[in-house]
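After this come two complexes, each holding chain A, first together with chain B and then together with chain C.
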Partner chain A sequence: MTREKIRAIIVEVISQILPDEDLSNLRGDIRIRDQIELDSMDFLDIIMELRKRYGIEVPEDDYIQLATLDGAVAYLEPRMTHL
Partner chain B sequence: MTMRGGHDIPSSTRKEAGPIEKSHDSRVVITGIGLSAPNGNNLSEYRHNLLAGKASIEKIETHYMGEVLAGVCHFDPLKYQKKKELRRGTRAGSIAIYCANEAVADSRLDIAGLDKSRVGVYLGITEHGNVETENEVFGLKQYNYDVKYWSHHHNPRTVANNPAGEVTMNMGITGPHYTLGAACAAGNIGLIHGLQMLLLGEIDLALGGGVSESIHTFGVFASFKNEGALASHDNPNRACRPFDRDRNGIVVSEGGCVCTLERLSDALRRSATIYGEIVGYAINSDAFDFILPHAQRQAECVRLALKKAGLSPADIDIISSHATGTQQGDLQECLALAEVFKDAPQTHTNNTKSYIGHTMGAAGALELAGNLPSFNDHTVHPTINIDNLDPRCTVPNLVINHPANVDRIDHIMNNSFGMLGINSVVIVRRYEGR
Partner chain C sequence: MNYDVAIIGAGMSGLAAGIRLAHFDKKVCILERHHRVGGLNSFYNKDGRQFDVGLHAMTNYVPKGTKSTPLPKLLRQLRLRYEDLDLCQQRMSMVRFPGRTLRFTNDLGFFVGEVSQQFPQQADNLQRLLKHISEYDELSLQAKPLSARQVVNGIISDPILADMIFCPLMYYGNAQEHDMEFAQFAIMFKSIFCEGFARPRNGVRHILDLLVRKYRECGGELRTRSGVRTIGVSGSRAQSLVLEDGEVLTARNVLSSIGYVETMNLLSQRDAPASGLEAGQLSFVESIMVLDRQPSELGLDTTIVFFNNSDRFSYRKPNAPIDTASGVICCPNNFHYDSPLPEGMIRITNMASFDRWNSLSQEEYGAQKKACMKAALEAAVEVVPDFRRNIMSTDMFTPRTIYRYTGHLNGAVYGSPRKIRDGRTHLENLFICGTDQGFLGIVGALLSGISMANLHLLRV
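Moving on to the complex of A and B:
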């Protein structure tokens, strides 16, 4: 799966979790929660969606790597190559 | 409040609403009403439909059981909530948020100017958490019941204070909040508890009432069905028929009603519109059976509420009955009312469930609210769906199928009874500016 596709998937997941937010200008290099109202329960929703949709398990120690969109793409890319 | 104890008034003697002895700080009035019922999303619409005889019951699909009859609310949840709040919260929370915001708006209170640490939220519930738990288990099936797919939202959705807590978060209220689990007596008890907290001086404004989301869990329907107490009828709007000879059970509904309650002194200070004054109430227990009602204890509860209000049975103009449409339940309430009100020829009785089904935790507050406009329009809304009155249901002046006009309405008594034998009665007096 391409990085662009992975990025689009992450944004789509966030849009499901935060339907009130405008994600059109979401930057990849700034913490997601600094750009939109995303709290810890919302973040756990992202983790759950990755688990449900793609069978991806993200250990708690790795959560920090998903803090930014760029970080999330980099983290997920090797885990989504088979998809 | 007029907790004057037991006045020895001949039961057949009707008296005018007399001068109140309590100070204005010791009296509690209803100054705002927010509601969602299957046949109305504000008091005006709801009252209009109650007078027009318009029921609103529909067929819905529920897990495992397929089609069932239910009362469904159709308010706009996005009026007061963001989509994210809706997604995260519960249906009961959403109904409660709608009702609480509507109540405050109706009261014309300046919510921004309130000391929100002095506002209490007290909501009666029949049950809470069944919906969320059942839906999680249902969803988990597709993951072969692997609990790593169990939602992290489950706990905050299912804690018993959830509906009241969602209200406080939505409205920025920092005073106390909790629910009162009291089966189907709960709506009255939300009001009673709000009154008590005001009289104790714990708060300055109560948002009290009840809420129910029970139509979203199959378990409530299945349990009633297996008790032989779930109503059925080809026409959904004819299914709930309290006091009819051929009644065959309960129609389960969702709904909510929240009232703003204030001390009379505070209400007068801001020239609030006053729907009525809560002058009496009572709660007691049957100590008898898990599901069967008990006429004698219900009668005792009614008498206790009358005693607290300093009223005789003949002072009650409208009895808003609890009757749900079950054979045994309706009969027990009729026995209780016939006994207490045997010398009250001017008292009328009606029933709201015949229109909207049983809104469970909301029923007490919702059914009271639908009657409060009677103080001004001098009309008693009827009980509908009675084709053949059960001759055993000898309640006082049951208003059947068509509204009744009366010269004057001073007192409304609202009954709400529930499983495990909990009974609640609230009496509201017309406020006359004194």
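Moving on to the complex of A and C:
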């Protein structure tokens, strides 16, 4: 799967959890929670949605790598090659 | 049948937990003893009319787009849209004590102004209390119990104002007599004074329909008329559920919303370690009056009136069937709906003693209901315009009714005074949510189910 596709998937997952947030200007290099209202419950939901939809397991120690959109894409790319 | 999770009780907390679990593909079954969902917040039909039980109003009202408060949090967790709740805001509510009235709306500034006017000496103290509440982490699962009376008395030096603040917070979500846990005080203060009241036009059934529909869409299974008779225990695990009709289910995890003591009473091995938790004692009677006109035509414009007619406000189980010294008067008509409700209705809630009601014969029970309704009305019309000549029809439910339909011991609507914040029991796969876990009120109950599902059943 391409990086663009993965990025679009993450944004789509966030939009499902936060339907009222404007995500069109989300920057890749700044922490997601510094740009939109995203608490720890919402963050866990992103992780769980990824597991539900794509079977990707993210161990708790790796959560930090998904703090930015760029980080999340880089982390997920090798884990989504088969999709 | 074998499930990932079996949930006992289809009230607000059980349904919310069920939605979370089913959404994340758990095989989940909710078992409800009654033929209807809702538990402590339910409804019934009588003489072609619809009556709500429990919910007077949803607390925690915030406008769409508000951040970081409980209501949007739970909507996100349940994947519901703001519009789905169909919330209509209250007009105005009040706390009425002898010679004093504090009105409040869904705008905290209005309430602050009322306090400054009625209690000018206390205006600065109220600001200090607001600051203290806003800086307190009331949702921490580790917080040590703290007496709200002590905290508030240290800040608000007029005991009448303190009582007036406590009155609505206790009535809408306190399981303790006389005092309140400070975290619970902070939760209730925010939910009522900082946020506010709203109601779906169709009342509690709108919320229940929404939850059940969502749960089923996610693939959850709901069984009504399916009470659990026994939870089979083997070693440190809840092994099976035996239903009242004899069917046996198994589940990897069990989440019970029916109360801690009530759950322990179902265990096949009754060797639960002493938890210090007792069934709660606080229950209520509610008198429901259908009027021949809208309450506003009689000069009754307020949404909810919390009143106290005695010198000091006393929140405790009375030594009588009913305590009319204080109470809550709710007009479901007085919310901002697009069009008025078809009939006028007034609901009066008073504290009551379960024992006093439970010991009556059927005949005495009927007579007692009549006498108590008369007393409740007499006390109510001291604080709102007299509507007694406009009553077309009445009904009443008592602690006995609550016990009968919900199974909550003593008809205790807010559960045990002590809570199990982390929802754990001595069995490794049996968890508690709902009133005895500790977040109270409708929004609290929903958050209880959500947070217990998240904490124990969704993280593998």
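Here is the rule we use: the second predicted complex is superposed on the first by the 83 of 83 C-alpha atoms of A that agree within 3 Å, B and C clash if a C-alpha of one lies under 4 Å from a C-alpha of the other, contacts with A are read in each partner's own complex, and residues count from 1 in each chain.
Note that in this section a contact is a pair of C-beta atoms (placed from the backbone, for glycine too) under 8 Å apart; a residue touches a chain by one contact, two chains touch by 3 or more.
Note that the structure is a prediction, hence the values are computed from the model and not measured.
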Quick one: chain B and chain C on chain A, clash or fit?
clash
Where does A:E77 make contact in the superposed view: on chain B (first), on chain C (second), on both, or on neither?
neither
State whether A:M48 touches chain B only (first), chain C only (second), both chains, or neither.
both
In the superposed arrangement, does A:L18 touch chain B (first), chain C (second), both or neither?
both
Taking 115-123, 151-159, 169-177 or 241-249 from chain C, which overlaps chain B after aligning chain A?
169-177
Chain B and chain C contact sites that coincide on chain A, given as residue numbers
17-20, 37, 41-42, 44-45, 48, 51-52
Over in the complex, which chain A residues touch chain C? Could you list them?
16-20, 37, 39, 41-42, 44-45, 48, 51-52
What does chain B use to touch chain A in their complex?
82-84, 87-88, 143, 148-149, 151-153
Can you list the chain A residues touching chain B in their complex?
17-20, 37, 41-42, 44-45, 48, 51-52
Please output the residues of chain C touching chain A within their complex, sorted ascending.
23-25, 64-65, 67-68, 72-73, 76-77, 79, 81-82, 454, 458-459
